[in-house]
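Single-structure report; data block below.
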Amino acid sequence: MNKVLMSGNNIIGEAAIRAGCRFYAGYPITPQNELTEYMAEHMRNAEDGVFIQSESEIAAINMVAGASAAGARVMTSSSSPGISLKQEGISSMAACELPGIIVNIMRGGPGLGNIRPSQGDYFQATRGGGHGDYRTIVFAPATCQELADLTMDAFDLADKYRTPVMILADGMMGQMMEPVIFKKPKKRIYSDDFILKGAGNGKSKFIRGLLLDVIDEEEHNWKLARKYSVITKNEIRREEHQIEDAQLVIVAYGTAARIAKGAIKRLRENGMKVGLFRPITLWPFPELQLRALAANVKNFLVFEMSTGQMLDDVRLSLQGYAHIDFHGRPGGAVPTPAELANVVARLYEKVD
Amino acid sequence: MNKVLMSGNNIIGEAAIRAGCRFYAGYPITPQNELTEYMAEHMRNAEDGVFIQSESEIAAINMVAGASAAGARVMTSSSSPGISLKQEGISSMAACELPGIIVNIMRGGPGLGNIRPSQGDYFQATRGGGHGDYRTIVFAPATCQELADLTMDAFDLADKYRTPVMILADGMMGQMMEPVIFKKPKKRIYSDDFILKGAGNGKSKFIRGLLLDVIDEEEHNWKLARKYSVITKNEIRREEHQIEDAQLVIVAYGTAARIAKGAIKRLRENGMKVGLFRPITLWPFPELQLRALAANVKNFLVFEMSTGQMLDDVRLSLQGYAHIDFHGRPGGAVPTPAELANVVARLYEKVD
Amino acid sequence: MKGSIKIDKELCKECHLCINVCPQGHIIPTKEYNAQGYHPVGTNNEKECTGCALCATICPDIAIEVYRE
Amino acid sequence: MKGSIKIDKELCKECHLCINVCPQGHIIPTKEYNAQGYHPVGTNNEKECTGCALCATICPDIAIEVYRE
Amino acid sequence: MIIKTIFSGFGGQGVLMMGISLAHSAMNKGYHVTYLPAYGAEMRGGIANCTVAVADEEIASPVASEPDYLIAMNAPSLFTFQNKITSGGTIFLNSSIVKDRPNRPDVKVCTVPCVDIAQDLGNPRVANIIMMGVFIKKSGIVPDDIYLKSLETIMGSKKKGVAEINRKAFAAGFDYLKD
Amino acid sequence: MIIKTIFSGFGGQGVLMMGISLAHSAMNKGYHVTYLPAYGAEMRGGIANCTVAVADEEIASPVASEPDYLIAMNAPSLFTFQNKITSGGTIFLNSSIVKDRPNRPDVKVCTVPCVDIAQDLGNPRVANIIMMGVFIKKSGIVPDDIYLKSLETIMGSKKKGVAEINRKAFAAGFDYLKD
Amino acid sequence: MAKKVFGRPKSLKDKIFHYCPGCGHSIAHRLIAEVIDELDIRGITIGVPPAGCAVLAYNYLDVDMIEAPHGRGPAMASGIKRTLPDRIVFSYQGDGDLAAIGIAESFHAANRGENISVIFINNAVYGMTGGQMAPTTILNQKTTTSPAGRHKILDGYPVKVSEFFSQLEGVTYIERCMVNSPTNINKTRKAIKKSFQCQMDGMGFSLVEILSPCPTNWKMNPIDSCKWIDEVMSKTFPPGVFKDNTASVKKAAEGAS
Amino acid sequence: MAKKVFGRPKSLKDKIFHYCPGCGHSIAHRLIAEVIDELDIRGITIGVPPAGCAVLAYNYLDVDMIEAPHGRGPAMASGIKRTLPDRIVFSYQGDGDLAAIGIAESFHAANRGENISVIFINNAVYGMTGGQMAPTTILNQKTTTSPAGRHKILDGYPVKVSEFFSQLEGVTYIERCMVNSPTNINKTRKAIKKSFQCQMDGMGFSLVEILSPCPTNWKMNPIDSCKWIDEVMSKTFPPGVFKDNTASVKKAAEGAS
């Protein structure tokens, strides 16, 4: 297949369509508009493809839930404030066990904030910003190629576990262009018992999140919890980069991880043994994998484009076994590799 | 002042009005309807009191934001799904530094769930279910008296720090009646520089969360972060109950903490030295206070009416210094003290 | 026309809408309880049923079946 | 009526709406740049301004002040 | 001392009001109290119930692991709660409606045909107050005068005359048990 | 080898397209590339810019700490970015518009009156392509034929004739520097 | 032998309704089931019940159903219908659901002319949550959140959904009916049938508004509730056909691709 | 000496608009400032700008302002106005803001008859986010999300806010104007003034819809944009007064408490 130069937003759209996504509903918001626009142009050309520019983010998530229940592969996308509005809907999809992809191309926040790349929605994405005990799988791609690959994988996992899956990236990932090769999508595998297509001559079915009986609702909660354990066991992904001899490991995801790679290059050129641990699934978080590193590495630096959110997960993972520093650049600030290298170099001196 | 027997929902309403709340907007949802209804009846009787039954939870939070900007003490209330819908608005109020009280009388979730008492919204409340780096102070009362007291305090803190404050309780707290004495509210102290009343002959002002300039937005994020540090330093509240000689400490908040107290009574009657650590502010979480306990106590049981959310904060606090068990009853199940006592007794045996 | 009705007493919720619409006065209250805790309605055999089905049409709980000869 | 206009070249965004509405043809394009990167409009002193203020009324950027004698 | 009581019945039988009136009078007697309704407003039908705890010290939990008393105003209430009652506890049964009897030998049963008594009084709606008369006497948690005052306070905003009817109903219950 | 270039100018000057065309041609030459626009769509006005990285190995970060080249199509771009350029780097200046010159002695400057050249060609809109001609020649990142092919691919969907004009503009730029 | 002339429709499950005595939801459910039977579309129908007293509609209607978050039924129904254009999709909604929290979704589904049916139960209160003021609460009506009666200045006016939505170009058919008497109930059945038929013919968005008694929250007995609809409620919400483009849309549809 | 007959209104700050050349927002801002000057209400006015190209309106209008989340201006304005009933409160909104994401808040603020003014900029696209289809995009109009033109079946119909909102009882005054010529601009100024005056007189909700050029996203030059409003856009959205109850409401208000 050919290498093409595309922006992150367009790549998500193209990968989704190739993966068999046939229903997209969304509402414009910067910096993810190109994705909505890509779908507007290409979805209606795809066989049976449906594109709806919904009246709001809330309508979008519920349209997508409906289409998912009717058996389509579905996606919606937005950016931070719009994702906040989808929280009830995401919670509801999780409760009803409806597969679907939610893309969050994060911008600076809170509130209207700005439209620069940011990572301030980590908590919302990984803890379930909606109400109740649920989780969504969260992918955090760091390159355009990964954006393409993970988008396709997201559909497979959503079907496999009947759960909403979030792709969490930021304005930089959305806008940036890189060459990309679209892999061949897997055949869709899913059990369609839950799908509503009309009862035909058979028994009618229903899908619901309301379980007025406490025993039912509690059991449903535990059922979801068991599912989340299985996901945690099977689906963790992470990248380890130059950690073999590392004295200090940077923990970063997405755009921040790229900047970190740039910084590491500089640092290594100056003889500093620095590595990178990059969670690719933010939930489930690669907790054990990170803790394993602490056997050899005693110093970690969490670098986030926020005031510190993944930091909690790193602290939970390391459980006091290693020293953790934090460097944050919230509000849309994207530091250069050089800047980060300076920060790390200062810490590295203390390490030695 | 007289002792009166009132339900939790009504107590919040009465305490708010006494504390000078003059603007309430809300949308019905069980199990907090009595609060909305109390406000409908009593707010319009209060001088200058405004009650609006808004068209939705989203409208409510934004009405409240507007009234807050105009200088009123404001409150809105809802339950889990409705609180999810308010997330964009809460994030926006935090960004604009607008004081205001948000009451969440939690029910079973995710999705429509049921209307039983539950504690599944801990993450949403404490991590900011909305987008971006912000926090809200979160009070978790466990008795009706505390509901009255904390509601009044919530208004004071909201003004003091110009921040939304959440009162997080559950259907049981909302429905339950206990005798209560309303304390005398403090005089409202706040700087009104930010309040919009029309510019008069002076300079016009504006309130906004949009800071297109990255440097401004980043600085705004750090400014908020500094404010949150100050709150963390000054405003942590917790109760320690029979921990002096405790071999095992239950960590629980709100309704769960009450059940825990009942269990502890039974356990102590059987000679088991069990205590309770009850966070009253869930954010800021009494991290250091809890860690301090680990000097003497090596076994903790986190008990939540969820599949385990505060558990993260307890793990973050204890940092591996003590063993942590978890007992959860999600989905609206409210265990009896006896049941919990059994669970604890089994663990206690292992402790010895 | 001659008709008859069959009341499912377990379904009835004592709303009395049927009594109100029956032109014949064929339906009457009773003092029994059903499992739901309601007093289901019964028939008054002194008044004849025409099978007009007005009662069944308005019965919210589909407690009435109507037969015609 | 005799009038005159004062164009604030730094405010002008080269939309040419003023040119379009001026009944006198008093306003014309220029080749200069302003700090915003636009070519602000100028006046053509061969055509007389009546001070009708149509240009100022439509100017989105309030770049025109109008004077009358 | 801590006493926990569950009141349970159909939606329209006024069981929540029974619980509130007990809680209120116990408060006025100076006790610590909690009143906890089981809540079903988003669900039509079904049974209503509430738990009242009365104690001379702070009440840890408003939830009753093993209530001392059960007032069962209908059959489903009996089935639902009879196994929760503490050994040696008492079940008050609305015997006008409930034909079944508890299957536990270790609890006392007090049957009160309160609907019939109410009908005799000409007001079937006060069956619950009659039951309260029996309960207040038998349980001895609060004196009858304090209870009646609370009842009046609670019903206060409603029409006059009602107080009189309630007093009579209460008395009928209070006097029902001669022992 | 890794080369980072910033293209910057007013919204309408086509600077993003300059970056994309470089990235595309470098990709076709077999390099690793990233193209990163600075984004301002929710904000009218202001300057547009983008960063292109070209390397013969995986590119860690698409953000340029110290770019090797700056193409400044207007004055604000020069002011904003001149201090970021790596020592020994080159600034390409649209000297038709920008009268100022960089205040750093350690960077090379290449002034190109690309708007004037474009006007001479009868098409002021191709100033950016002319500048690319100069840049491609001077930087040597990709051969001119590969670049021109990419340019055609990118402009592909647009009207015919445009290709011809672009080729001419590119040639004019490519030939502008005789050295 | 006696012939059964009235019985339980096939498309209703054999369950006791959880609704209060005299509740209009029960009647509306039965009518929908009857229409589904008549049109023989049980096997291809997908329903979307709301948050509201009818949240458990899937316990009764024997067709595929998916519960929507409060107010979002029309969005969900749009998603389903676009995915399965040959299924019959309806959204069932209360007045709070449709006209308060969900007004955006209903408005825009109607405006898009989604080929779905909306069954709209107007009972002038929020039934499920205990009788609060609804957008359709009439002026001066007392509810738990308008204890002194709905005040036009403070609380605004009753929202006339049928009148209002008829203005939208995307809408094909709208009728307001009542379920307070056998005659009106039969009219309502016809309207529901027409709405489903409209959809089956690909003619676009239709809505049937049903004035429906809520004796519990109106604090009236069921018989008085039926009277109140006649004597009071229907003065604010007059029954009738507010829009019927089925004839002209059919033509247009035949012309289009 | 020459007398200045046209200059910058006092209630505008001395800042360069960030709007594109020929953008109607700039004109609308100036008109609001002129009206505020004329009515001498700068000191008691509070404005609520939207998410949209006008998000930075507080940089220009020299009155107290608070930014609303996208679409929620009328809710926020309601909160402000109820708290400070003697201030003049207006919400400024684009078509996406008012009629898409914010339709519920606008609808219900109007229905409640909130005593506020809504200035509604209809430019038939989402300007700020780069020209996507808006609720008011006209049929067959090409936008970035309707690349083949708005399709009535797939995308629904242009929403006629003025026509529609006029149906609401809570609404006192609605007019649709245009800012594409000096004459129309002067009419628009009058309408805005009337709306503010309506509020000052306590007469309730009013809305001024302004057809406003967005040359950037229409991909036309400013002059053609003005023409397009005349020749195309105003055919779907005819200007005019859609409701004017100021006379009768005044009377009623005098009668009420």
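Lettered A, B, C, D, E, F, G and H in written order, each chain numbered from 1.
Assume a residue touches a chain if its C-beta (ideal position, glycine included) is under 8 Å from a C-beta of that chain, and two chains touch if they have at least 3 such contacts.
Everything numeric in this text was worked out from a predicted model, so none of it was measured.
Enquirer: Going by average Cα coordinates, which chain is farthest removed from subunit A?
Expert: Here the answer is chain C, farthest from subunit A.
Enquirer: Between chain pairs A-H and D-H, which one is joined by a greater number of C-beta pairs in contact?
Expert: D-H
Enquirer: Report the inter-centroid distance (CA atoms only) between subunit G and subunit H in whole Å.
Expert: Each chain's C-alpha centroid was found; their separation is 34 Å.
Enquirer: Using mean CA coordinates as chain centres, what's the subunit B-subunit H distance in Å?
Expert: About 39 Å, centre to centre.
Enquirer: How many angstrom lie between the CA centroids of subunit B and subunit E, rounded to a whole number?
Expert: About 34 Å separates the centre of subunit B from that of subunit E.
Enquirer: Distance between subunit C and subunit D based on Cα centroids, please, to the nearest Å.
Expert: Centre-to-centre distance between subunit C and subunit D: 86 Å.
Enquirer: Which residues of subunit D are in contact with two or more other chains?
Expert: 36
Enquirer: Tell me, which residues of subunit E touch at least two other chains?
Expert: Residues 41-43, 45 of subunit E touch two or more partner chains.
Enquirer: Two or more other chains in contact with one residue: find those residues in subunit H.
Expert: 19-20, 23, 51, 55, 67, 69, 100-101, 103-104, 107-108, 112, 128-130, 135, 154-155
Enquirer: Considering only the defined contacts, which subunit G positions touch subunit A in the complex?
Expert: It is residues 42-46, 48, 51, 55-56, 58, 61-69, 72, 75-80, 82-84, 87-88, 104-105, 107-108, 112 of subunit G that touch subunit A.
Enquirer: Okay, in this complex, where on subunit H does subunit G touch?
Expert: 100-101, 103-104, 107-108, 111-113, 135, 152-157, 159, 163-164, 167-170, 256
Enquirer: Taking the complex as given, what residues does subunit G use to touch subunit B?
Expert: So the residues of subunit G touching subunit B come out as 51, 55, 67, 69-71, 96, 100-101, 103, 126, 128-130, 132-133, 135, 144-148, 154-155.
Enquirer: Once bound in the complex, which stretches of subunit D touch subunit F?
Expert: For this pair, the touching residues of subunit D are 33, 36-37.
Enquirer: Which bits of subunit A are touching subunit H when the two form their complex?
Expert: It comes out as residues 27-30, 33, 36-37, 40-41, 44, 53, 55-57, 81, 111-112.
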